[in-house]
């Protein structure tokens, strides 16, 4: 039995979280460094996974399989396919930047009680989230996935509710109330989704008698497991609801703007770039694999909802006054694209969707983190409070612009590739949906450029006139992300190579083939 | 030899990277880096050109495969370059004119503290534009397509501190995005139709036809129309032309390079490149010609009414590109002439813009022609180069505009049938108007009495655009003076080009033979002989000039614009097209988003919060039952017991 | 009406009593109960003879020893296979010694032990006149606020009687789920209830509320037990016997010797149904199921918190045990009659508890309502009527009881001038003041909410799984919904503790003695162990899932 | 005489007792009503015992009496202490805890 690499990738941050939390109140900086190092080590492990993974090999690799809760038919079963590998890598990649970006976000304002250690808590929670996200990407046992899918709400909840932007416009008191409102909203939405999924999970056990993806797949294959159509549909809905809340899909999206608005920028990135990916990932991994027929049955509705998300999110982004809220709605629009790609059931669509998850993670991180730096300088989230920043802080403005251009998926930057793939993939099977979705790219340009124009251009506002440009730490955070955006935009092959075979598998799960081009069909 | 193609693009790209990342330490020498690199890529272009000339007419296509870009099952997009006569033409135009304008900008932007960044953007533009014309498939072309859009966004908004500039930049990008949407849909359609979107397989060469032949005409028409939409966006054709006028907010070299000579002609390139598709979709072709004809008149009319010299020239650009699009819409009859006019136009329009820039440079960045006058003796070089460009554009016999435009008009008639007559007529009319407004510009600027003498500060209504604003130039009475060599030399070169270009191309049909293998060509059956048409053109020209002379040459030009006729006022406002956009799109959009934001809060969110509140209320009500009286608890127990018994009995009963 | 029967009665009475063969009692198998009861009696003697100052120690010592010994006995019996193969009915058919019984007895004993620790806690209340005091009245007999009370406090009296009372209650609870005839059931019910009534009245602070709680609990309890008794009477009337086995046979109609009288009553299902309903109602009262729950909030709030914790945990365990045995052994034949009814009860219990809890402002009342909701969840498992159902309920009870005691133990720590600060507003910002305590309480709340990796989740999953297997899918869905509602108010408390600014005049967190720490630690440990690695305990519960008949 | 009638009587007594619990305020009286219910049960037991011709019912009756006695002990203790504190034995006065 070889070294349990996957477990290690999740266990390391988990242990790191404990260790970080245990750091005494005085050694705040030590805690930060510890967290950073742990996250980097995790990144190293993730890279090892990436290297050890053979795109053309088995479907699930580096698998681990141990008995856990026999009575519930639960096995501790891990394994990664290309999609999971990509997302694990993304997670491990982003966390160090998140930690680095949030370096000072959790410094206690007043030295409160001796035992109150917000900083340690902050970084410990981030690592805890990383651990849970990673393992839920790796889980090939529905129950294991579900447990961590649910459990990750708790640290997220504390991150959202416990730490917010400094110098809030309406004073710390109201800020605290708004934060806890956002946190509770986040938790209740996701918990409700999760509990409904719990019902479905139990149902699945009653039907299939097992939680192991592979076992269920085999049982389907050799006909020992037969789901009644209605059962399969109900179970699908149970699962999908939870994922749609997490993703989030219109009309279950309203928790996201609040959460991202109130949380500090790094946490907001954690939500939208990392945690929400679990939702879209799970659609690909569980909805399609476990309930192929039901997935196909639901496709039209899901696609319509996705398109609504795309347009609706973009339109609302245009209408926002709050920078972070704007980014949140932009993300909703992007998640619309991802979900559309997943359910288009074409190889371009699903490869695009997976690629989109990665790229969106990076681009949102870039944009949101820079926005966070901006906000921390001025102490306001309102777009109207800014203006002419590019004159006083050109580098900040430049990075912000690049982040924005990535968000509007400019060709040459990573998101373009994925977005175009998703669009093509959808278009080949659902032209009308595809065309409507294409309007999203115009709207994306609108909200991004409006944001840039209002904040960065025009005459310099007196309040921002003294604004310092990006500091070394901040450049260190943003620069790699931007490089990555450009690299993956020009040369996405490394990712597509890993993702493609996995997508083929998934498509074969749902027994779908790509439509053939008209001219071939004609011949 | 094809390995030189990548460096061709890489050189300016490198420049952009260095200049933009380099930071302040490059401020001193930065602009020279930009200039040198653009000249390098021009040199590479020349080398390749020589190489092509060396080959036989049939084998003048070089392709270079760099790497496979997006390899996804069934979807292969490669980074491959294709250099044939068509793209070669563009390469030379872009790098040539581009290099000249780089040079010009050294002088023009001398006073700007952000000059380094300016050259970075210019290089970025060159790279993107080269990518656009050298791409071997539509997706890669799309990259260049949006790349030039980005560069133009950055350069229009170069003086970001001016809200007007920032807004203009945003507008340009957005309107272009609408066009880009067309392009991306077109690519998707191609993918679903042909399973590919590379030039080779789809378009084929004129020996063996590509997949186009196998597709249904409906599909092809759809694709073609989407491509047309894209072209409209990039080339400022009706109905997406509104951004070009505002784009003049950018520095004049930018207007010359991007918004006159090269980028705005990308639409024409797209149509000509996709000729195979258009040829198979006559309806789409008709649409193209219509768009072209409408735009050439639209632009010309707008050009007549503007007092801002750059906006007047912008109108003219619009109209000239209208000619090209019209020609491109005519199919094989017109492709060559479209490109030819594109090249000549590149020369003289760039020259005109640079001239305008020079004038403004000497006039404290005044742009209102009504504050010019009699400048010919103050800036002779500018006057002469500008004058040559003027003669070229109105199609003065022997100059380049004459040849290229005349050919287009002929081709328009040659389309045959009523369309032929209508289109030809439009083209002729356009020629007359062109003559009018260009003469107007000429007269108002270089002739008449010197209206700038008694000119106070420029009207605040139209704040000065140019670098002086950066350097806070004080608005005393201007002292017109000739521009430095570094600016005049490019003007002279371009002037030469605009004088002899046409003749050089047309004599012995050089250009035709050069391009024909790519675009194909056939002579339509013109209802009128070439001579007649040329005569008609001449007449129009003379009439236009005469009217202009009558209006602006004989009697003095009022320093403040007269109210003017209804048409004039409409034309000053770009024929109310912007107002339409504002009312319908901007306002409507604002209302839509506002109401959606409200709905999102009250409805979508409200439902959930409502449920929560509902439970809260229910809880509060149920809570009252717990009234603290033991006896009432006993009652509930008693009742419960009774119910339990009753229910059990009932269960047995049923 | 049968004259033969009458005649026989006369004759038997007339016959000279030759000899009554002495009942055969398997003392070894009853040892847990006997030990506890015996220790209780010893405790009474201690009260009588041991000098006041050393009573406390003597009592604690005796109780701890007794409980540990009893637990050891249970383990020994289980190890001896009485839980599985050698399961049988002891004491002339009065008491069953089988898996469920032993499992529940073990749980009760441990819960009792942990509860005992909280009883014995003497560090929390400020030292009164130089002597440490626990959370029980100095002198129950003295009127609150009277001079006699003051004197008692000054003298440093403490009510050490609570320990024997506790032991008696535990004794009753040990018999309750093991009772194998209705009479034993009833007696056990009273034996466990009466001490609790008294314990409720013995709070040191807020004595009025304490006494009120006692009165309410007592009157309603007596009322309920009257119903129970009447139910027993009717069942006896129906089956002519109170032994579970006999009744079950009669219900199933598998009874062999049918005399005319029995034949007559057997025909009358009303007796059976009404009797069964009333009996079940008595048990539902004990588990606090809607609509027999209304005593719960008041009593939980008024009673001394250690008592509340013990009550909430152990009584539920015992009562559910009895309910299970009743439904699985006595009335399985009636499944189709009682299942729908229990469905309804379970549903309104789950929803009612969760919904009303939303607007509670007192932490003890909040926990009371949450316990009601949990009763609903457990009922869902009871209804499954399968081996899985039984074991899932056993597992749930085991997990739940320790979390509950732990939670209430934490409540005892948060104090202000007036004793425990149970009003929620006082808990604001607790996380800032003492993160550890708040964190622990948060863990308990999350366990209540059934967040994965806590015992609450494992239990809930087990129960719902059993229910779904048993075809009660709607029940599962309702359960899920009410868990979502319930989550809301648990979260509310967490928000309050962590995200709201501490009040300047907020309560302080007392530093407890190892006793309470042990109780809390036990709670946390079980929460995590049963949450992360529940398999062993699931096996245990699984083996213990079969009732002897 | 038919022992069934005794059952009816028992049921009647039980109901009377229950009603008493519901309507009477004085804790003592309420408690007495509970006792009445218990005794109703006893009557039922005895009657059934007579019908079935076995002694179980009668035995149970004895047990019930003992239990009732125990309840009296506990109950009176609680009620008296309540009375001494509040100078009233009304169950309705004891309603500090509600909602």
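A, B, C and D label the chains in the order they appear, each numbered from 1.
As a convention for this text, contacts are C-beta pairs under 8 Å (C-beta built on N, C-alpha and C of every residue); 3 or more make two chains touch, one makes a residue touch a chain.
Quick caveat, the model's predicted, so the values are computed rather than measured.
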Centre-most chain, if every chain is reduced to its averaged C-alpha atoms: A
A-C compared against B-D, more contacting pairs: A-C
Distance from the mean Cα position of chain C to that of chain A, given in whole angstrom: 46
Chain centre separation in whole Å, for chain D relative to chain B (CA means): 97
Separation of mean Cα positions, chain B and chain A [Å, integer]: 37
Geometric centre distance via CA averages, chain D-chain A, whole Å: 65
For chain C, residues that touch 2 or more chains besides their own: 215-216, 219, 223, 227, 297-298, 488
Overlap residues in chain B, where contacts from two or more other chains coincide: 612, 623, 626, 628, 630, 634
Residue list for chain D, restricted to those that touch at least two other chains: 18, 21, 30, 91, 94-98
Set of all touching chain pairs, with the criterion as stated earlier: A-B, A-C, B-C, B-D, C-D
Contact footprint of chain D on chain B as seen in their complex: 623-624, 626-631, 634-635, 638
Residue ranges of chain D touching chain B (in the complex, touch as defined): 18, 21-23, 25, 30, 91-92, 94-99
In the complex, chain C residues that touch chain B: 215-216, 219-220, 223-224, 227, 269-270, 273-274, 276-278, 280-281, 285, 290-292, 294-295, 297-298, 336-338, 340-341, 344-345, 352, 355-360, 485, 488
In the complex, chain D residues that touch chain C: 2-4, 7, 10, 14, 17-18, 21, 27, 30-31, 34, 37-38, 40-41, 44-45, 47-48, 50-54, 56-57, 59-60, 63-64, 67, 70-71, 74-75, 77-79, 81-82, 84-86, 91, 94-98
Touching residues on chain A, where the partner in the complex is chain B: 188-189, 250-251, 253-254, 312, 315-316, 318-320, 347-348, 351-352, 388, 390-391, 398, 405, 410-412, 416-417, 420-421, 423-424, 427-428, 431, 434-435, 438-439, 441-442, 445-446, 449-450, 453, 456-460, 490-493, 496-497, 500, 503-504, 514-520, 522-523
